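A, B, C and D label the chains in the order they appear, each numbered from 1.
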Amino acid sequence: MSTLTDALLNELRLTVARVDERAVDDACAMLAEAGRIVVCGCGREALQMQGFAMRLFHLGLPVSVAGDMTAPPLGAGDLLFASSGPGETATILSLMRTARDAGAGVLLITAQPAGSAARLADRLLVVPAQTMADDRGEKRSSAFPMGSLFEGAMFVLFEAMVLKLKHRLGVTDEVMRARHTNLE
Amino acid sequence: MSTLTDALLNELRLTVARVDERAVDDACAMLAEAGRIVVCGCGREALQMQGFAMRLFHLGLPVSVAGDMTAPPLGAGDLLFASSGPGETATILSLMRTARDAGAGVLLITAQPAGSAARLADRLLVVPAQTMADDRGEKRSSAFPMGSLFEGAMFVLFEAMVLKLKHRLGVTDEVMRARHTNLE
Amino acid sequence: MSTLTDALLNELRLTVARVDERAVDDACAMLAEAGRIVVCGCGREALQMQGFAMRLFHLGLPVSVAGDMTAPPLGAGDLLFASSGPGETATILSLMRTARDAGAGVLLITAQPAGSAARLADRLLVVPAQTMADDRGEKRSSAFPMGSLFEGAMFVLFEAMVLKLKHRLGVTDEVMRARHTNLE
Amino acid sequence: MSTLTDALLNELRLTVARVDERAVDDACAMLAEAGRIVVCGCGREALQMQGFAMRLFHLGLPVSVAGDMTAPPLGAGDLLFASSGPGETATILSLMRTARDAGAGVLLITAQPAGSAARLADRLLVVPAQTMADDRGEKRSSAFPMGSLFEGAMFVLFEAMVLKLKHRLGVTDEVMRARHTNLE
């Protein structure tokens, strides 16, 4: 495997390099200090949010996935971590409004800091990647379809955040692993 | 609505009436006393298990759904609550073996007390309803397709168990409701 | 099992008896004639919608569950079948608006025909049951918590609709069963 | 973002470079020619399988996710695409056996070509990355926890496969995008 995967890895490198590390550290602080955390996203973004949620669970943080049967209500001191690459995902805007109205903090990962979602967030994690907001015509900038670049950047960024949080929280590999389910 | 719904409600009544109430109370005790609870099932049975899991969560019990990102490992003192109407669902048998090997208790809801699943369980909740084990030919006994009767009986039985557990645990309606997520 | 399950079955009978059979037949017609069908709901209502979706799939109808990876876009000739018991579920309102704007038909199952969701629907299936819109104080009418009665009524009603659709579409038990997945 | 993300991207590059491109092309051929495709995996691997399934759906292939309400049965001419990084995931082994017994083809993505899963597959896609089979002690080779490297490599590899399949099937970006759901 070569040309195609190199092209994607190169796009991922250029994208992730442009993410503001201070915003990443602020996001980690919000996650580490939240009372309860719920993550949400749509489509393939939802998958990356879920993958991150599993690692947050391994780290011992009180995290749930929106829509799961055991997701709690959010209120003051809690955090909704939402994903909206294109910044206009209607159901995500709706969940962000609910969380805000209930007094919870809202952290958003997005490629569109001027979008509607950004206006509902307390803090942004901006990943400057192509999404379905700019994947057509002259705006198109990636060799990969729709929001694939954004989703891949989510994966890479979240793995780095897991290592940062692991260090911050003083969690060992053994402890993380012991929290992994055996029901597979 | 009349003939068809009456037919189903009548089948449900006859089915649920044949469930042993002592087995139901034993199941409630296992759930109330377990360290951690994970529920699992396949297809439409999985849905009824998930619905029950949400109410157990409302009751304050430490429950997760197998396959969710935040499902924990099970070990001694924990409980796998599995559903296998026909008693031979391969992936459920596999999860039951894993839980047993890890020292967790296994509670099974099934229509087939002589099936493979029953042999892997510590305790059975037998619902004598048609499932995909006996929905064809002479064995067929329900006007409803495949395992619908079993699944409907799960719903009815679980609601009764929620009331029993609510009483046993001394949880109020207000407390249950306050645990319901606002992220909808 | 007895008092508790009888109480629930009795509530279910009284509730389902008040559903307008003509509205049920109209709903069946919409489902039978739709180009593509997507179902959606939140929490435990989502589970009942998913259970119905599996049976629609067994009947050979082109159905998907909102949020699944293989859910298609909806447009003219297609149908969104939404559930909002309390009539105000924010993310469901959002999906209903999207479907309407795209030209798709919208069928709603609800307990609140005067709610916001009802105003976005082309057709209603009204199930007069307690939901989280009226489960507290003087409005409370069920022995069961929150929306359990509505959800149970969904199950019963959907099973009746499956039999009606089976007859209408001329599908046999054998054909339905042959469409059930073996990957369990 | 820098050191951590560079480390992961570098590990991903080295891993993906060692994947046999002929095996990738064979896997694409199996997917393109299958009657029906079902994907399965556990935990975070399941998420990457689901993300790939959405793109296969965009490409017009007849794909479903195991466990979804609309997943079909598999038989002769069909394909189960399973993921088992560590090669011993019990429920995945179970699904692979069911698919084989039903006459379906089985494609496996794994890091352990000598594992139990590999023996049940018709064809392998080997990704030589750390998984939970070798993430402890001297075997440990990645800076990232458990199977993160394998899961990230799945993402990168699948994106390359999407481009290969797009070319092979003659599908345009516009057609793929038009198949993306608007219900978000």
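The rule we apply is simple: a contact is a pair of C-beta atoms (placed from the backbone, for glycine too) under 8 Å apart; a residue touches a chain by one contact, two chains touch by 3 or more.
For clarity, every value in this text was computed on a predicted model and none was experimentally measured.
Of the two chain pairs considered here, B-C and A-B, the higher C-beta contact count falls to B-C. Copies subunit A and subunit D of the same chain sequence form an interface built mainly from equivalent positions, shared numbers / all numbers used being over half.
Rounded to a whole number, the gap between the C-alpha centres of subunit A and subunit B is 34 angstrom. Separation between the centroids of subunit B and subunit C, computed from CA atoms only, is 22 Å. Each of residues 42-43, 50-51, 54, 69, 90-91, 95, 98, 180-181, 184 in subunit D touches at least two other chains.
Only residues 42-44, 46, 67, 69, 90-91, 93-95, 97-98 of subunit B touch subunit D when the two sit together in their complex. The touching residues of subunit B, when paired with subunit C in their complex, are 1-2, 4-6, 8-9, 12-13, 16-17, 19, 21, 24, 42-44, 47-48, 50-51, 54-55, 58, 89-92, 132, 135-136, 143-146, 148, 151-152, 155-157, 159-160, 162-164, 166, 173, 176-177, 180-181, 184.
Of all the residues in subunit D, the ones that touch subunit C in their complex are 38, 40, 50-51, 53-54, 57, 63-66, 68-74, 80, 95, 98-99, 102, 178-184.
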